[in-house]
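Right after this note come the structures.
Each of the next two complexes has chain A plus one other chain: chain B in the first, chain C in the second.
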Partner chain A sequence: MSITSYNGSALIAMVGKNCFAIASDRRLGVQFQTIATDFQRIFEIHETLYVGLSGLATDVQTMYQRLKFRHKLYNLREERNMRPETFASLVSAMLYEKRFGPYFCEPIIAGLNEDGTPFICTTDLIGAKQLSKDFVVSGTASESLYGACESMYKPDLEPEELFETISQALLSSVDRDCISGWGGIVHVVSADQVITRTLKGRMD
Partner chain B sequence: MLDLRVLEPCSLQSSLAACADSQVLGTAPPTFKLPAVADLDGFQKAAVQMVKPAKGTTTLAFVFKHGVIVAADSRASMGNYISSQTVKKILEINRYLLGTMAGGAADCQFWQRNLGTRCRLHELANKRRISVAGASKLLANTLYSYRGMGLSMGTMIAGWDESGPGLYYVDSEGGRVEGKRFSVGSGSTYAYGVLDTGFRFDMTVDEAVELARRAIYHATFRDGASGGVASVYYVGPQGFKKMSGDDVGELHYKYYPVPEATVEAEMEDVTTS
Partner chain C sequence: METVFGLVGDGFALVVTDTSAVQSIVVQKTDDDKIMVLDSHKLMGCTGEKGDRVQFSEFIQKNIALYHFRNGIPLSTAAAANFTRNELAVALRKNPYQTNMMIAGWDKDVGPSLYYLDYIATLHKLEKGGLGYGAYFILSLMDRYYEKNMSVDKALELVDKCIAEVRARLVVAPPNFVIKIVDKDGARTLAWRKTVEEMSGPPSQ
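On to the complex of A and B.
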C-alpha cells in the first residue's frame, strides 16, 4: 500500500460569496483498521486562515506544528497576521526544502483576504501550488471528491448553502472509499464569524 | 506438448464424464479450457495475485441450542475503492443449506451453485437429503482438485440435517474443518471479539440474531473493507430463514445515539422596581 494511503483522509475547500468552507473526514486508521474517529486534520492559523492537511497522519501533525511556529514568529516580527497568499508561499517553500525526503502530506490552504474575498489553494507533497477559483480537494478519496464537487458546486453560494453543498460532496465521496469517512467536520468562515459543525455520516 | 490431464479433477468423475448422458445429468464436472500462454505458471501466479486482495469482508456463523446463525456484511472493495455496498454474501444452496462468500465473488457464486446441483442429484439418487458433512465434503474435494490454480474462497457451509445443526469451514487451499463458531474475512477478528464475549449456548433465537448483528456491526465499524448491510440468517429444523438485513450506518446511531446538546438556560436580568 502507498505511504500516502496508510492512514486515509479526505479534504475539501470551497469558495462562496465572501466566505469559504473547509471540510474533512475524521478517521484515523492503520491501513484497514480504524483507530480513531475524531482525528483533527483542519487547523486554524489565525481567525481567517485555515489549513487542512491530508496524507500520513504523523506528517499532518508535524507540518501543522511547524506552520504554527512560523506564523507565530511572523506575527511577533510583523505585528500582524499573515495574508493567505503569503502563507501559501510559506507552505510551498517549507515543503520544497524537503524535496528529496518529503513530508507525505498534501495541504489545502483556505483564507479570507483583507477585502473579504476568499482564497483557496492546494499544493502537492513537494510544494507545487495550485490556485483555484472554486474548490480544491485532497486525500485518498480525491477522485471521487473531484467528481462530486464538479457536479455539485455553484459559484457565489451563501454560507448556509455552501455548508450543504460541501457536506454532501464530502459524505458521498467518502462513502465510496474504504479508508476515509467515519464522520465529518465542516468550518464555514465569513469575515465576522466561523461556524463549525460535525457531520453525522456512515460509520462503516 | 505438455500432458495436462493431471490438472483435471479426479478419475471417478472423469469416468462419469465419459458417459454420454452425464453432461445432461450434470454429474460431469465442469470442463475448463486452460489459457494458451507460453508461461502457464507465471500466468497462474498473476491470476492468484489479482484475486488476492478480495477477502475484504466479514462473515460469521455459529451453532447454538436452537440451530445455526449465519451473518455477513455486504461490501465489495477493490483496493481502497468501494465497488459495491449491496453484495449478497450468504448464498442459499438449498432450503436447509447456506454458504457464505469470502474471497473471489465469482468463485463462491459458481461453486456453491454447482454444490446445490450436486446436492439435489444426491437426493434423487439416494431418496434422502444430503448431510451437511457430505455437502461440505463435496465442495472441499472439488476445491482440492483445483488447488494452486488461483481459486480464492473462504466459505462456511451451515445447515440442518438428521443429526441436527452442522457447520463446516471450507477454503480454496483444500481445507475443511468442522466447528461450532467461525468468522472469516478481514473483519473476522473484530467479529470474534464480540461473538466470543456474548456467546451462550442456550440463547434464544432472537438473542442469537442480535449477537450476530452486533458482531457484524462492530466489524464494519473497525474494518475499512467491511460495511453496507448486516444480514442475519437462522437455520433450524424447518430450514433457513432470513431474520434481518440492517444498514450498518443506521445501526451505529441506534446503538450509540448522539446525545441531545443541552441548552443552558440563560440568566435574565432581574428588573429592580
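On to the complex of A and C.
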C-alpha cells in the first residue's frame, strides 16, 4: 500500500463570493482499520488563513507544528499576519527543503487576501504550487473529488450555497473511497466570520 | 502478537497490555510489565520491538522526571504525549523506534485522558483505543460495549471481555495481561489476569 494512502484523507477548498470554504473528512485509519472518527486535518493559521493537510497523519501533524511555528515567528518579527500567497510560498519552500526525503503530505492552502478576495492553492508533496480560481482537492479520494467539484461548482456562490456545494461534493466523493469518510467538517470563512459545521454522512 | 489497549472512565483511565516477552518461537517471560509509570499520574503502555520499547520508554520517563526537577512542576498529560510524539517523529527519519503505545494520564483541570501514539508518531486523543493484532477484536468489542463515564467495575468487565476475546480468537494469544489505572490518586497497577505462572525454581524441586 502506498505511503500516502496509509491513513486515508479527503480535502477540498472552494472559492465563493468574497468567501472561501475548506472541508475535510474525519477518519484516521491505519490501512483498513479505523482508529478514530474525529481527526483534525484542517488547521487555522490565522483568522483568514487555513491550511488543510492530507496524506500520512504523522507528517500532517509535523507539518502543522512547523508551519504554526514559522507563522508565529513571522508574526513576532513583522507584527502582522502572513498573506495567503506568502504562506503558500512558505509551505512550498518547506516541502522542497525535504526534496529527497519528503513529508508525505499534500497541503491545500485557503485564505482571504487583504481586499477580501479569496485565495486557494495546493501543492504536491515536494512543493509544486498550483494556484486555482475555483477549487482545489487533495487526498486519497482526490479523483472522485475532482469529478464531484467540477460538476457541482459554480462561481460566485454566497457562503450558505458554498457550504451546500462543498459538503455535497465531499460526501459523495468519500462514499466512493473506503479509506476516507466517517463524516466531515466544513469551515466557511468570510471577512467578518467563520462558520464551522460538522457533517454526518455514511459512517463507514 | 503484542496487544495494548486503553479506555477512559469516570475520573480514571485504564491501560492494559499483555505481558509476554517473545523471541522467535520462544516465550522468554510471561510477566513482563510493559506499562511504564512515567510519573505519579501518567502511564505509558508500550508494545513493539523489545529493545526499542524498553529504551524508549525509559528515555521518556527520565525526561519527564528531568522536566519536573528543572521546572518544579510536572508536565501535563497532553504535553507529555506531545513530547513523546516529537521524539518519535524526529527519530522516524533517522533511526525509527518500532514501538506503539497508549499514554494515559490524569490532570487536575482536564481529568483523565488517553492518547494513541503509533510507531510512526501519529498522535490522537481518544476515549478508547488499541494497537496490535488483539486490537482487531478489542476495538469492535469496545465500540459495542463502551459507554462514557463508566465506573471502574464496569470498565473492568469490559476489559475482561476484551481479554477473553483475545485469548479465544488470536492464534498464539498471550496468556497473561496487566491492567494499570490512573486517577486522582495516582498511577498504579490495578490487576493482573494470569493463566500461566512463571516457575519459581527448577521443576525437580
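Methods note: the second predicted complex is superposed on the first by the 204 of 204 C-alpha atoms of A that agree within 3 Å, B and C clash if a C-alpha of one lies under 4 Å from a C-alpha of the other, contacts with A are read in each partner's own complex, and residues count from 1 in each chain.
Simple rule for what comes next: a contact is a pair of C-beta atoms (placed from the backbone, for glycine too) under 8 Å apart; a residue touches a chain by one contact, two chains touch by 3 or more.
Quick caveat: nothing in here was measured; it's all calculated off a predicted structure.
Chemist: Quick one: chain B and chain C on chain A, clash or fit?
Modeler: Result for chain B and chain C: fit.
Chemist: What is the contact status of A:L157 with respect to chain B (first) and chain C (second): first, second, both, or neither?
Modeler: So A:L157 meets neither chain B nor chain C here.
Chemist: Looking at chain A, does chain B or chain C touch a larger number of its residues?
Modeler: So, of the two partners, B touches more residues of chain A.
Chemist: Between chain B and chain C, whom does A:C178 touch in the aligned arrangement: first, second, both, or neither?
Modeler: It touches chain B, and chain C stays clear.
Chemist: Rounded to a multiple of 10, tell me what angle the C-alpha centres of chain B and chain C make at the one for chain A, in degrees.
Modeler: 60
Chemist: Contact-wise, after the overlay, does A:Q33 reach chain B, chain C, both or neither (first, second, both, neither)?
Modeler: So A:Q33 meets both chain B and chain C here.
Chemist: After the superposition on A, what does A:L112 contact: first (chain B), second (chain C), both or neither?
Modeler: Touch partners of A:L112: none, neither chain B nor chain C.
Chemist: Between chain B (first) and chain C (second), which does A:D204 come into contact with in this model arrangement: first, second, both, or neither?
Modeler: The first partner, chain B, only.
Chemist: Does chain B (first) or chain C (second) touch A:A57, or do both, or does neither?
Modeler: second
Chemist: Looking at the overlay, what does A:T140 touch: chain B (first), chain C (second), both, or neither?
Modeler: A:T140: touches chain B, not chain C.
Chemist: Go through the superposed model and pick first if A:I12 touches only chain B, second if only chain C, both, or neither.
Modeler: Touch partners of A:I12: none, neither chain B nor chain C.
Chemist: Chain B and chain C, closest CA-CA distance after overlay, in Å?
Modeler: 5
Chemist: So which bits of chain A does chain B touch that chain C touches too?
Modeler: Touching chain B and chain C on chain A: residues 33.
Chemist: Inside the complex, what are the residues of chain A that reach chain C?
Modeler: Checking each residue of chain A against chain C gives 7, 28, 30, 33, 35-36, 39, 56-58, 61-62, 101.
Chemist: Which residues of chain C touch chain A in their complex?
Modeler: Residues in contact with chain A: 85, 89, 92-93, 116, 118, 120-124, 126, 129, 135-136, 139.
Chemist: What residues on chain B touch chain A, complex-wise?
Modeler: That would be residues 56, 73, 75, 77, 80-82, 85, 186, 220-228, 248-249, 252-253, 258 of chain B.
Chemist: Given the complex with chain B, which residues does chain A contribute to the contact?
Modeler: 5, 8, 29, 31-34, 140, 175-179, 200-204
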